[in-house]
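Here come two complexes built around chain A, the first alongside chain B, the second alongside chain C.
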Partner chain A sequence: MLEVKNLRKEYGGLTAVKGISFNLNPGDIFGFIGSNGAGKTTTIRMISTLLEPTSGTAILNGADVRKDPMAVRRMIGYMPDFFGLYDDVKVWEYLDFFATIYKVPVKERATVIDSVLELTNLTVKKQAFVQSLSRGMQQRLCLARCLVHDPSLLLLDEPASGLDPRARAELKELIAELGRMGKIVIVSSHILPELADFCNTVGIIERGELLAFGPVDKIVQEIQPHRVLVANILEKADEASHVLSGLPSVLNSAYTDDGEVRIEFAGDFAAQAQILTKLVQDGFQVTAFREDSADLEDVFLRLTTGAVN
Partner chain B sequence: MKKRFRDLFIDNPMLVEMTRFRRRFLTVKGTQSANAAVLTMLLIIYAGFVLVVIQNCAVIHPIILVFLEITVLTIFAPMMLYGSIAGEREKRTWDLLLAAPVTKAQIVAGKFMGALGALAIVSLFFQVPILIAAIGYDEQKISWWKLIEAELVAFTFALDVCALTILFSARVKRGLMALGAVLGILVTGIAIIPLFLSSVGMASSTLDVPCYLHPYFVLTHLVERDPQSPSGIWGVPQILVYVALALVLLAWTENTLNFPENEVKFIPKGDKNA
Partner chain C sequence: MFAVGGWLDETKRVYFQNATSVRDYRVQLRGSRSVILFGLYLFILIGAAFFAYDSSTRYAGGSIVDAQRQLHTFAATVMGMLGGAIALVAPGLSATAVVLEKQRQSLDLVFSGPVTPKYYLVGKMMSSYRYSWMLLVLALPIVAASVVLGGASWYDVLTAFIQLSAQGLILTAIALLMSTMAVRPVSAIIWSYAATIVYCIASSLISVSYVFSRTFGGMSGIGSNANEAPWYVTMSPFTALDTSRSVTVAWGVHVPNWIFAVLFALATSKIFVLAAGTQLSFTGGREIPSLRIHSLLYGFLLSYAIGCAVGGSVSAIHSVTRSAAFGSTPMAVTASDTSSILGRAFCGMTSVLVLFIAYLSCFGYDREHRYWPNGLVSWKSIWNGTPAGNLPFLLMTLLLASLGMGIGAGVSGVGVVSGFYWIYVGYAISFWVLMFAIGRMVSSFFGGLRNSRVLVFVVLIAITSLPLPFLTAVGRNSEDPTNSMLWNFYFLSPLLGDDATRVPSALMFAALMTGAAVVLLFLSELRARSKMVQAQKYDEQA
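Right, the complex of A and B next:
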């Protein structure tokens, strides 16, 4: 379990992280969302023991990053937002180097390297030099490096940046698999729709403050408590909006000049069907009728202002 | 103390650096295939050098060869180590080491031990011609103890050069900056200062004081000293000072890596992402 308690980091007069707190359990995949300069990387670096917090702390399975950083390091796999590869070594040598550093027993090393290569789908590249790998493969190799010592927490800083769609899809599947293996995974990313796909928890950070934290659905529900339906009507959208306002399941209805009627709605699917029926029966020419569901991107844009430290 | 020694020199996972040094400088396959040409050329030069020594061993004082050894080691050590820490930063692998369960002292010790192994190999190659010259030299009886002293002067001075290079590599952002700084210090200390002092009219006997730790001066005194006389102020004292200096420089390096915002100071310019 990871407990982050009032984590704060100051650089001179600048406060990069303003006392953030959250808890994560094994199997949680946490999407850490924020603009550049919001404090994501600083938070991740403090949890990974690379930066000392100004105040507050993070505790991983009972080990405190401030009091026992070595114990924390043994339990984390940190993947920064850059590759960090030695260019004169083969794939297996690179993994062997880190397996040695993490004190993986000599007898187990070969098996461990084979298994992480298999997990990251790099077995065929075992004897290749790291600089000969594609960007996506290098990214997977970095992830394989994080896994050689079987960490309980993975800190992945912008793991999908610069990857093509296929490599992203593969990485996404791999991260989801790590969550299923019971690891805590913290992923920072700008690609919000992808995070929503595989993260069960997200946190939105701006100017060092955690603005929202929790399951994706819950956060979306918080900013948009009711469902919103959108109907596009050829003529008389104002009249249509007025008619719909009288229906019991409609909380509010508004229209725009281009014929769009937005309906805040608190009913079930049958009530939703009745709205469309009513519009058609009353002679309105409906060209489209759909639900406008908020997503992580809407939440992010709604909660944040784009300001940086 | 015993535990610290064990952590640094026995249970230190960073001793894998010795293997990395071997791969980088002695592997002749894959990306290191250029090493084959360099090593072949060096072996040819070495064979020629040994032949010259064999032919002229009667007139070559073995300590003269130690002069050459010091020169080679002094050039070789910075070349090997200038990127030891700065290079990790440039390749951005430094964070990976810092996030791993190794102490900064273990990292420094690992880098140093890696270089030590390579220096020992170079030094070993010099032992063959030195031994030939020591056996064949007939102008004066060679003291084996004096020869060992000269060898230790060469090797311990090389340790200082290694430690100095690692220190600079830890303190600067780019490896080449470390190389430039170390070579600058060495050229100044070994050549420019003695030349300047002698050019301003300082007598060779008074030069001994400012050049007390100068390895070439130490070797000159060892050559000139009566083989039967005790070591005195030249030889062993410098060896001890060199060893102590290497330890101080390594401790300083560790301390450099410990300054609190080390990572922040080395964030690339223009990278505003916190």
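Right, the complex of A and C next:
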């Protein structure tokens, strides 16, 4: 379990992270969302013990990043937003280097390297030099590096940046698989639809403050507590809106000049069907009728202002 | 028991199973690059050896002694070339070891794992140092030629190799520190070679006098034994063969100097690696307390050694002048003079703080590291490297060093040092506290640590050296230029002149500098606090 307690980082006169707190459990895939300079990387670097917090702390399975950084490091796999790969090193040598650093026993090293290569689909590149790999493969090699010591927590900073759609899809599947393996995964990204696909928890950060935290559905529900139906009417959208306002399951109804009626709705599916029936029976020409569900992008845009530190 | 087992495991891991060293080793030996480089090195060495042999033997006379001397010159030349190769290659290899990883951003990957700075730096050091050893091993056939020809014995070659290894280790450690501190590879290389040049010049100046005394002064070394010499003559890479047989007499036993050279190299490289480690660790890391404890210990031992040397010389002069004056007089060195000389030697010794005072006094932020003011003086913070602990650390260093020197002088026959010595100690302490206060004041005006450090260094050099040309010009017509009235206003004047008459002015300047330091420290603390309040306000507004 990861407990982040009031984590704060100041650089001179600038506060990059303003005391953020959250908890994550094994199997959680946490999407960390924020603009550039919002404080995502600083937070991740503090959790990975690379940056000393000004105050507050993070505790991973009982080990405190400030008091026992070595114990924390043994349990984490950190993948920054750059590769930092060595030249003139073969793929297996690169992984062997990190396996040695993480004290993987000599007898198990070869097996561990083979298994992480298989997991990241790089087995055929075992003897290749790292600089000869494509960007997507290098990204997967970095992930393989993070896995050699079977960490409990994976910190992935912008893992999908610069990847083509196929590599991105593969990476997404790999991260989801890691979540299923019971690891805590923290993923920071700008690409919101992608995060919504495989993250079960998200946090939105702006100017070092955590504005929202929790399961994706719950956050969406918080900013849009009621369901919203949208009906496109060919003519007299104003009249249609007025008619719908009188229905018991409709909380609010508004229309636009281009014939769209937005209905805030608190009923079940039967009541939803009745709305459409009512419109048709009253002679309105309905060209479309759908539910407008908010997504992560809406939440992000609603909560943030675009300001940076 | 478990602690010892853990320590052994960790030591084994650091020195024998070091992943950094293994990885670098694989890369170094990959492809034909290393073969070509070593081939080229051998080619140059063989060519130079032939040239040296030809030059050495061409002018040999007919006598066997002359021929023997020429062959020895040849062996010494070959060993000197080897020393030159070590001085050239060792810093060059380690100068880029860490800074390139910084540029490649691979340091974060390594330090997000359970890796201590010591583990990483020792690995880097072994990777670079291995090359120095390869250079020595590859040169063995050429050196063996001089043994076969009779210019040197195997013992000479072995001890010279040990000395060269020790010097290679020191130069590697210095360059590694520079590599850790630098931001760009070019600056790391420049600083490493600058430090190497300073080291080579200083060590060669010391050992060349010994070599000349052996070569041209007949048979004598410094003591009664022809090979007796202070151990530090072995520290020059260029005179390894000539100093290989030198010994130091300790408690009546002739101890080969190469043993001291190895011990000195190990101790020196350890402190350089510790200093490099502090650059890679948090303020709460183990490296800073360790570096500070080692600094205090080394400072004490070094001062003790200097105290012994200066005290020994002074007491020797004392006895000579006494016997010259038949015990009674005007020429005899008094106890006050002795203490005064020792005091000035102590002040001179502390000049090494020029290199460190900016690091101790300044606060601010430097990339991701931040040394933010946490008070003026805190004895609790002395080991953690935060600004509040730096003044106590400075004072503790100076006090321990003064004790070390006093004890060393006492042991060497001067006896208990008088109050004059302590007045000079007080003078030195007040001078460095004033410099510390200037550093704090400068930092309170700047945010960036690097700017503050550079400015402090510049201010320090300026206020100590700029008055000198002016004062020299004013007093140039008098017999003793330092006798001009204006010199009395120069705050380093107590260190000039050759008698105890300067002691009152040392006392006066100590009081003045302490007063100035207290005022500056107080003002800088006020500024630092208001700066922090402003930063907090800015933060709240944001």
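As a working rule, the second predicted complex is superposed on the first by the 309 of 309 C-alpha atoms of A that agree within 3 Å, B and C clash if a C-alpha of one lies under 4 Å from a C-alpha of the other, contacts with A are read in each partner's own complex, and residues count from 1 in each chain.
Everything below uses one rule, namely that contacts are C-beta pairs under 8 Å (C-beta built on N, C-alpha and C of every residue); 3 or more make two chains touch, one makes a residue touch a chain.
None of these values were measured; they are calculated from a predicted model.
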- Room on chain A for both chain B and chain C (clash or fit): clash
- For A:66, select first, second, both or neither according to whether it touches chain B, chain C, the two together, or no partner. second
- Give one of first, second, both or neither to describe whether A:39 is in contact with chain B, with chain C, with both, or with none. first
- Query: Looking at the overlay, what does A:82 touch: chain B (first), chain C (second), both, or neither?
  - Reply: both
- Task: Applying the touch criterion given at the start, work out whether A:16 contacts chain B, chain C, both or neither, answering first, second, both or neither.
- Result: first
- Touching A:52 in the superposition: chain B (first), chain C (second), both, neither? both
- Can A:102 be said to touch chain B (first), chain C (second), both, or neither? both
- Message: For A:74 in the superposed arrangement: first (chain B), second (chain C), both or neither?
- Response: both
- Note on the structure: Candidates 312-320, 348-356, 366-374 or 420-428 checked on chain C; the stretch that hits chain B is 366-374
- Message: So chain A touches chain B in one structure and chain C in the other; where do those two contact lists coincide?
- Response: 11, 45, 48-52, 70, 73-74, 76, 78, 80, 82, 84-89, 93, 97-98, 100-103, 145, 309
- Could you pull out which chain A residues touch chain B in their complex? 11, 16-17, 36-42, 45, 48-52, 70, 73-74, 76, 78, 80-90, 93, 97-98, 100-103, 129, 131, 145, 208, 308-309
- Item | Partner chain A, residues of chain B touching it in the complex | 13-14, 16, 20, 23-24, 30-32, 91-93, 95-103, 260-261, 263-264, 272-274
- Contacting residues of chain C [partner chain A, same complex]: 13, 17, 19-20, 22-23, 26-27, 30-31, 104-116, 282-284, 364-365, 368, 370, 372, 447, 534-535, 538-539, 542
- Could you pull out which chain A residues touch chain C in their complex? 10-15, 45, 48-52, 66, 69-70, 73-74, 76, 78, 80, 82, 84-89, 93, 97-98, 100-103, 145, 149, 207, 309
